[in-house]
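Each structure below is given as structure tokens.
Below are two complexes that have chain A in common, paired first with chain B and then with chain C.
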Partner chain A sequence: MALAERILDGDIRAAARLMRNIDDNLPSSRGELQELYSHTGRAFLIGVTGPPGAGKSTLVDQITAAYRKQGKRVGVVAIDPTSPFTGGAILGDRIRMNRHAEDEGVFIRSLATRGHMGGLSRSTADVANVMDAMGMDVVIIETVGVGQDEVDIVRLAHTTLVVMVPGMGDDIQAIKAGILEIGDLFVVNKADRDGADKTARELNLMLEMNRYAPGAWRPPVLRTEAQRNVGVEELVGKMDEHHRWLLESGEINQLLQEKNTSLFQTLLKERLFAEVYGGVARSGKLSEILEGMLSREQDPYSAVEQILAERLSP
Partner chain B sequence: MALAERILDGDIRAAARLMRNIDDNLPSSRGELQELYSHTGRAFLIGVTGPPGAGKSTLVDQITAAYRKQGKRVGVVAIDPTSPFTGGAILGDRIRMNRHAEDEGVFIRSLATRGHMGGLSRSTADVANVMDAMGMDVVIIETVGVGQDEVDIVRLAHTTLVVMVPGMGDDIQAIKAGILEIGDLFVVNKADRDGADKTARELNLMLEMNRYAPGAWRPPVLRTEAQRNVGVEELVGKMDEHHRWLLESGEINQLLQEKNTSLFQTLLKERLFAEVYGGVARSGKLSEILEGMLSREQDPYSAVEQILAERLSP
Partner chain C sequence: MSERKLRILVGKPGLDGHDRGAKIIARAFRDAGFEVIYTGLHQTPDQIVSAAIQEDVDCIGLSILSGAHNTLLPRVCQLLKEKKAEDIILFCGGVIPEDDIPGLKAAGIKEVFTPGASTDQIVTWVKNNIIPR
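For the complex of A and B:
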């Protein structure tokens, strides 16, 4: 039986296999994803981002537990920094699995940040779609950092949670500014630490600079101590409130339009490049171009235009 | 006169204009870059990266001053987080320019992180190439963060400096691991703070895990206090040492091969996507696909394969 069919039948091992194939970028995975697509669109997608050291993994663990209490099935896609020496993900599924290892209502998958040829947001979207098709009610996508990559990944979610910690240093204004527009909710985690009030106040001040139209969502700033499970229930309540607001205000349509556009763009960009670059490499033209670049007799700009002229039909 | 010609004649305003055009992605800028390309390849490119709050801007300022003392011309490309409300770069050229504002041997340009449609590393490469063609001896590329985006940008450099600060929190192992393989030099900045020894020791320990072949470059771990200009001369000496090692060991060939491949891939990916996506959007097919995705009657995977079949000639 095809993987897609087995996944729709609830076969966890088939899901794990397809996710590995997605990770390895096997062409066969496209067919499976194609079949699963009509079964997606039901899960509530939550993006969690923030700087390293903010305690995101622990918080995601607690959020998972809170949703499990409500009887919901939870998928987690964790984007892990890659080890430069082993090539594998640093944290990995195993550490993360510990707490929920025995729970069939939780499915956790780590994606390493390397070896995706810029296709990390595509892989993440694909894995989230598999979890969605598996019938997960909530899919949490956790990323490390605040770069453009993370912003792209966060675009996959319905609701984005930005996790901060007290006292993050001089560049905090800059960091905050970069993330202000992607956050639907802000959390000051490790809220028992010095400076939690200050960080929350500063976040609120910066949010105030925005002018919210009537009926618009004004991102709340919450506090949690994920280690001691303090403030997590309230956080989950607020995330659900944001989800309801999306549906009731009709904002969901705009959001889905953006999410779908972004997924389509990502797929198109990656497939186009793979096909054309593969051809250039196989034909030996690549080595020619690289030699020319080295001697500066060939500039890459004209080389690219020539390839476009040859490979693109009008 | 064309911009490229004026830039080669030393016209600073023409360079600034071309950089704006690159930022705005004007098609005409490709022709100018094409002309400039044969005049590039002379500058020493230094990448500077590290987490927010590490004091990178101040350190880059001091490195710039140190190279100026040697009589070298210095270009700086600073990747700035974008303000969500104004859309502009947060720090901007103006703040950075202050110190070197009167110095014609220094050219500073900020690039905002948004609005590049994933083309930030392309814009950065283009701007660095303009500075190279202008005759800058050293071009410093400064990025915030440690995401894949930064890794791509850092690939443009000959020598990559990773800036850390003492006591960076729980996830430090993970952060370090993610950056260990991209750093040719490591700096613990703000070295007067508690924990500087510990951070330096941990970095050294992690580097020891790597096995260096005989004659290989073993990244040094240095200390600086950029604010007080402590340790900067030594740092610059070490960077120059790395540059010499690249040239003398012949490693430069491998590096240039990788840099050129990466630039070519970036240009190809971006131009292919722009052409094909533009066509899909103009023809009205995009709205059709997006409508189909919304109702789940159309999956994006088959849509993309169909476009490939139509637009790519064999």
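For the complex of A and C:
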């Protein structure tokens, strides 16, 4: 039986295997994803992002527990960085989530970035789709610990949570572009620490500077102590509120439009590049071009134009 | 442009609280280019097997210093079989008396590393014995 069929049948090993095939970019995974696509689109996708050490994994663990209490099935995709030098990775997000390991209503998958920028792995959207097809009601995607500009999550999740901790620099940080623009909810975690008030105040100040159209969502700033499960119920309530707002205001259509556009563009880009670059490399043209560039007799700009003209003109 | 990446779960079953060895090994595996799922301390055999299945790893490396190896490790093997995941290879390292090794191997543990084994030795063993599926 094909993997897709087994997954729809509830086979955990088949799901885990397909995720691996997707991650390893096996051509067969595309066919399986085609099969699954019509079974997706039901899960509520939550993105959790923020700097390293902010407590994202611990928070994800508590959010998972809260949704389990409601009887919902939860998928977790947790991303950690790949070493740029060896290609290896240590994926340690599970450490904080081990108590869910034996719960059949929870499926956790760790992914390495494998050189992909933007805070996610190349495979994240597809792995989340597999979880959606498995019948998970909620899929939580935890990005790598991000700095300022890794914002891909916003084009994948319905609701994006930006997790901050006290004492992360002065107020100018809060008005820079980047991750602080993408939050639907902001969380000041480790709120028992010194400076939590200041961080919350600065975030609020930054949000007050935004203009909100009537009926628009105004991101709230919440405080949590994930380790002690303080403030998590309220956070989950707010996330659900945001989800409801998306559906009731019709904003969901705009969001899905953007999300699908981004997904389609990525897929097309990836396949086109593999196809065209592969052809150029196999035909030996690539080494010709590189040699030409070395001696400055061939410029890369016209080389690309020429290849495009050859490959894409009717 | 596809290539199988070796995925390996490193964890510590049972009650001992010494995870330095496990961390050193995890780091050595990372430096060898593997993807290491590190699950940390105090894992039950059920948690280990369930994590290994969800993560679709090729093998599990367990560090055990508590003396409970004769109970915990065969239990992991048994659970892998029950869940039809016996293709996931199990090996271990720790303070394990020579006399116990044949029994562990008979229970399905593929290799046992004892004090004195170098990280290079272990990495080489993984490279030679584990083929990413």
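Operating definition for what follows: the second predicted complex is superposed on the first by the 279 of 314 C-alpha atoms of A that agree within 3 Å, B and C clash if a C-alpha of one lies under 4 Å from a C-alpha of the other, contacts with A are read in each partner's own complex, and residues count from 1 in each chain.
Everything below uses one rule, namely that contacts are C-beta pairs under 8 Å (C-beta built on N, C-alpha and C of every residue); 3 or more make two chains touch, one makes a residue touch a chain.
The shown structure was predicted, so the numbers you read here are calculated from the model rather than taken from an experiment.
Legend: residue contacts after superposition of the two complexes on their common chain; A:30 is shown touching chain B, with no touch to chain C.
Of the two partner chains, neither chain B nor chain C is touched by A:2.
More residues of chain A are touched by B (comparison of chain B with chain C). Judged by the touch definition given at the top, the superposed model places A:16 against chain C, while chain B stays out of reach.
Of the two partner chains, chain C is the only one that A:108 touches; chain B does not reach it.
Of the two partner chains placed by superposition, only chain B is touched by A:293; chain C is not. In the superposed model, A:247 lies in contact with neither chain B nor chain C.
In the superposed model, A:216 lies in contact with neither chain B nor chain C. Taken together, the two structures place residues 82-83, 90-91, 114 of chain A in contact with chain B in one case and with chain C in the other. Touching chain C in their complex are the following residues of chain A: 12-13, 16-17, 19-20, 23-27, 82-83, 86-92, 94-95, 98, 101-102, 107-110, 112, 114, 274, 278. Within the complex formed with chain A, the chain B residues making contact are 30-31, 33-34, 37-38, 40-41, 51-53, 55, 80-85, 90-91, 113-114, 116, 118, 120, 144-150, 152, 165, 168-175, 177-178, 180-181, 209-210, 256-257, 260-261, 263-265, 267-269, 271-273, 275-277, 280, 286, 289-290, 293-294, 296-297, 299-305, 307-308, 310-313.
Residues 1-5, 7, 26-27, 29-40, 43-44, 46-47, 50-51, 53-56, 83-85 of chain C touch chain A in their complex.
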